[in-house]
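Chain nomenclature is as follows: A, B, C and D, assigned in order of appearance, with residue numbering initiated at 1 for each chain independently.
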Amino acid sequence: MIIVMKSNSTENDIQEISKVLVNLGLGVHISKGSEKTIIGVIGDKRKLSDVPLELMNGVEKLVPIVESYKLASKTFQPKPSIIDVGGVKIGGKELVIMAGPCAVESREQILASAEAVKKAGAQFLRGGAFKPRTSPYAFQGLEEEGLKLLKEAKEATGLLIISEVTSERAVEIADKYVDMFQVGARNVQNFQLLREIGRSKKPVLFKRGPSTTIDEWLNAAEYIMSEGNYNVVLCERGIRTFETATRNTLDISAVPVVKSLSHLPIIVDPSHAAGKAQYILPLSKAAIAAGADGLIIEVHPNPKCALSDAAQQLPPEDFNNLCKDIGRIADIIGREFHYAG
Amino acid sequence: MIIVMKSNSTENDIQEISKVLVNLGLGVHISKGSEKTIIGVIGDKRKLSDVPLELMNGVEKLVPIVESYKLASKTFQPKPSIIDVGGVKIGGKELVIMAGPCAVESREQILASAEAVKKAGAQFLRGGAFKPRTSPYAFQGLEEEGLKLLKEAKEATGLLIISEVTSERAVEIADKYVDMFQVGARNVQNFQLLREIGRSKKPVLFKRGPSTTIDEWLNAAEYIMSEGNYNVVLCERGIRTFETATRNTLDISAVPVVKSLSHLPIIVDPSHAAGKAQYILPLSKAAIAAGADGLIIEVHPNPKCALSDAAQQLPPEDFNNLCKDIGRIADIIGREFHYAG
Amino acid sequence: MIIVMKSNSTENDIQEISKVLVNLGLGVHISKGSEKTIIGVIGDKRKLSDVPLELMNGVEKLVPIVESYKLASKTFQPKPSIIDVGGVKIGGKELVIMAGPCAVESREQILASAEAVKKAGAQFLRGGAFKPRTSPYAFQGLEEEGLKLLKEAKEATGLLIISEVTSERAVEIADKYVDMFQVGARNVQNFQLLREIGRSKKPVLFKRGPSTTIDEWLNAAEYIMSEGNYNVVLCERGIRTFETATRNTLDISAVPVVKSLSHLPIIVDPSHAAGKAQYILPLSKAAIAAGADGLIIEVHPNPKCALSDAAQQLPPEDFNNLCKDIGRIADIIGREFHYAG
Amino acid sequence: MIIVMKSNSTENDIQEISKVLVNLGLGVHISKGSEKTIIGVIGDKRKLSDVPLELMNGVEKLVPIVESYKLASKTFQPKPSIIDVGGVKIGGKELVIMAGPCAVESREQILASAEAVKKAGAQFLRGGAFKPRTSPYAFQGLEEEGLKLLKEAKEATGLLIISEVTSERAVEIADKYVDMFQVGARNVQNFQLLREIGRSKKPVLFKRGPSTTIDEWLNAAEYIMSEGNYNVVLCERGIRTFETATRNTLDISAVPVVKSLSHLPIIVDPSHAAGKAQYILPLSKAAIAAGADGLIIEVHPNPKCALSDAAQQLPPEDFNNLCKDIGRIADIIGREFHYAG
């Protein structure tokens, strides 16, 4: 942390601040420039988290030097983490594909979905049981009934199950049925929920919020990790910008940026980023080429009959082609994906 | 709702769509332009919320004509709502000011805050007991202990109490102590929480999220209202943009826009928008001049000792001056505020 | 400027950088923290503008401490500038209102506009002669013919004339007719044009671009000032964000932020920010309450017949009411405006 | 175009509007919904560009159905355009790579750059002679002298030359030296410049602005095309968002979106998007995988000595590796690139 002093700050201001820092057990390094004096703070910045330095006399601004998250940081753990979910390793050489419908709608629908995505090579079946929808008048999900159907699909196909949890109650229920929790974009700073998931040890796919910076996202991941759950996989799913041609703007750069700041794996969700099925294939290829550890894709056996987000769900044949292309790109960039179609 | 057909759509495509609409009990109006055909859908759009029209053959895009929220809309209730909280009327002629520290820190601090804001004319004491913080290593609030202190401050001063709730559990606890719930920006689409608050009948201050459009915000308010709680007051608190000179960008236009779309009152939070105490006075005056029904402002008896968000809390003397200015502007724009200082 | 070194940087890296800095005549201050070393650079940062420090071995990032603009900065000139245009002082106690149609369309239209805005108290007549339009198929302005009509309106009413220039050629032509140039949002970083205006000494109203940070905007103003033209008045006109309820998002906070960073006056353009006539009155009042030095407003004698931006032009009677309200708010906040209606 | 009427509009309002439309030679189609009436306008929307329909009594809003650009649209020309520049075909099967330093600095530097990029397989040499810089105190380019050096490099290597033009004067000068003009992001709506380039017939690389929607960008391209120059190649280079980890946010989705709306080729500039050399390789691979027709990349023989944008220029060896990877991905996605290294 660096404290930049105002041009008109006094020697006394500097002494006052130094005193506060020294009393907290921190080191102080004063540097007088031609226009401004700066004070370098040496030691654990977290000692300062509740000290309002910016209000002390003569202070112009504070400049953080070290990021405020720790467990999620590459400084803490330089080697990339590999998260094991039921034997599938996320963040290793093999790419991971999670696929399935936006929402679990019926036994028939979810079993057909599972079969279709399994056939193309996906390792995970996704399907929403608790659906957060923009309008309260839209379909809200089958809840526990939906989770039971997902479990049945797992037994039928061997696919691992991932499903979104939206509340502490949902965590408790879903815990019995799923292999991996998903935290959706709208809950990226629902810290109560993050802590609850942190106390579970179950792996979690943690989506970025539509207006969350990468720095805030890693700080939010820290909420989960600081409770003891290190099995966090990040998921870029588009951010909100002025452009309206796509539902969100896929921040493809987040892939290499996260890889330079954190050891956590990162996958990409092109379905929510694009919001339109026709853009999912090019964005999926882009994500893998940029270095993502996998994809999560919405696939529906019959998108025209889907009860939610119909426009962004792929039919099985398109998903199959996508997996084929991903397999070929994987080879070239030193990754692996076993297209099964 | 209007369905815009692709240039190369066929007569058959149009017939197929018409059939689906008619089967849902909706009227159909076909209009052939020089380049494209459009189909007007007549009737309650909500019948369509789970029908994926955009996937039907020949469809280029859907254009909504009527907003999807209803109870929050001015069409539903043209007259402005006045929300009564313990005798104080929000949305009427009198401006409402809610003030107090970011977080309840101690008995002494909250009582001093209450006295200070009461003295200047505020009607509500605010103070966080459940604090959602960006980093898990920062002070997280006194929880129920904090709420008890707020209640004590109410008894000492007669101020009404407002405090943020961040989970269903917090709603249950806070219900015993506060006069008005606050839903923070991070929870604007935490629909589980919104429904819980909808089932209570206690008034709620509902903040806009940093990347929530006004349309989405009113749809989210609909979650609370559709459960039966119509006592919703909106609060603009800044949106996330590329500009970093302020913590958020206060969307001052949201005040007249909301007033043109909805009957719900709207107040402004300049503290979180600006993030710096020095900008709070001009932004407060701007908000009132733009037609806001009130303000919520962070005030701390001694900001330099605050445990959170120190930089954006006003000391009592500045808050006092702010109330004096607000009182004078109120007179000019046909509102009232009784500066008590 | 501070250089933050990587955790794994070496003593040698630090020595190399120090050598480069010392050779440029700059001072060096090294501070070793618990996790990272930082190097403070002492002296004129502009000596570094073409030295790629961020590529030297061991460097993690550069943190600027002093802003890179100089002439526009409050450090350079702490006292607010007052720009005199034909006897009207912008930035002084008196508020300045510039008003008139989006585009000059005809002799009759511009004379009627001039009379109307004069009557309400405006000091400047605005009117576009060179119109940059989003589509090439829309009306592009009367060019020199329009400027002549503006001059005629000046002679008839005594109003000062402001009009937009979009190219070096337009600067040359307009120079003969207008009292103040306007640089529009689309040209905020058209540095060629800015320099040209800098070489003229005529006052200029310099609009912020839709995606220009305040820091970049002040740097762009520096292009004009560094050529010798210090008569720069800034104009906030809304930035581009995800919100679409208004044409742009008026960044009302820019008013106090600019006043804290720069000595230049700042006025507000609510017409382009809102894009809808119904929001102009509340936003105008907000701007003045926030401390703006004036307003520029689109007024048309008959908006329904306007050839461009019809939706955001006020009819004379609404503009008259606006001026009346501005006059009353001015009194309260220690400014002056002589409503003439 | 659809006109949505207010709930309280009258029969008379509708008749008035119909009359205006019919007088313009447009067809009218009235459709009465349960809540609102809409009027479909049939015929060439451009007849309406200067008619302020939104101000007529009873009108709530206008909804465009057909995009306002024409020559750039896929409706106008469904088949992808292939732009021939000196025998190199942009938009065909072969990928095009343009590479070279940010700015032309010296004869030695530009010849070394040309040789390096040629060796890896690039078809174009880029290099800035007219440099628009954020601060007026930074290096501004060698102007005509720089263009002469580029021409010399062309003669030495056979590479085609592309260079940015920032004013009408620059167009005139550059015309003698370059094979393709480049219009930079800051000039995307400098319509004067666009028309000038439209009057030339020389191919142009037309960059998206940092806050330009895809729709506005295609409208701006229309300025060039409507003057007769159809040789336009688009270039996505990142948009401005709230994320600051990268200089801009590369809008990778713009590639498939542009391909669905327009027949013009589109390439990607990862250097300006990322702003950091370390992210250029993953973003380049992503761009090609997403379907871009090529790349423009900043390469400098010795980035540590670059006079501008040093942090984002690749050294030759990294560029060489990039070309190798692009060649391998090209094969897989049905494109071609002849890696020459």
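Following the convention adopted for this analysis, contacts are C-beta pairs under 8 Å (C-beta built on N, C-alpha and C of every residue); 3 or more make two chains touch, one makes a residue touch a chain.
Bear in mind that the values here come from a model prediction, so they are computed numbers and not experimental data.
Novice: Which chain pair shares more contacting C-beta pairs: B-D, or C-D?
Specialist: Here the pair linked by more C-beta pairs in contact is C-D.
Novice: What's the farthest chain from chain C if centres are computed as the mean of the Cα atoms?
Specialist: That would be chain A.
Novice: Give, as an integer number of Å, the spacing between the C-alpha centres of chain D and chain A.
Specialist: 31
Novice: Quick check: how many Å separate the C-alpha centres of chain C and chain D?
Specialist: Chain centres of chain C and chain D, defined by C-alpha means, are spaced 27 Å apart.
Novice: Taking the mean of the C-alpha atoms as each chain's centre, how many Å separate chain B from chain D?
Specialist: Averaging C-alpha atoms per chain gives centres 39 Å apart.
Novice: Could you say which residues in chain B touch two or more other chains, in rising order?
Specialist: 211, 240-242, 244
Novice: Applying the document's contact rule, which stretches of chain D touch chain B when the two form their complex?
Specialist: Listed in rising order, the residues are 2, 4, 7, 27, 29, 31-36, 38, 40-44, 63, 65-66, 75, 240-242, 244.
Novice: For the complex, which residues does chain A have touching chain D?
Specialist: 211, 213-215, 239, 241-246, 249-257, 260-261, 273-274, 278-279, 282-283, 285-291, 325, 328-329, 332-333
Novice: Please give the residue numbers of chain C that touch chain D in the complex, ascending.
Specialist: Touch residues, chain C against chain D: 46, 49-50, 52, 54-56, 68-69, 132-139, 166-170, 186-187, 189-193, 195, 209-211, 216, 219-220, 222-223, 226, 240, 277, 303-308, 310-311.
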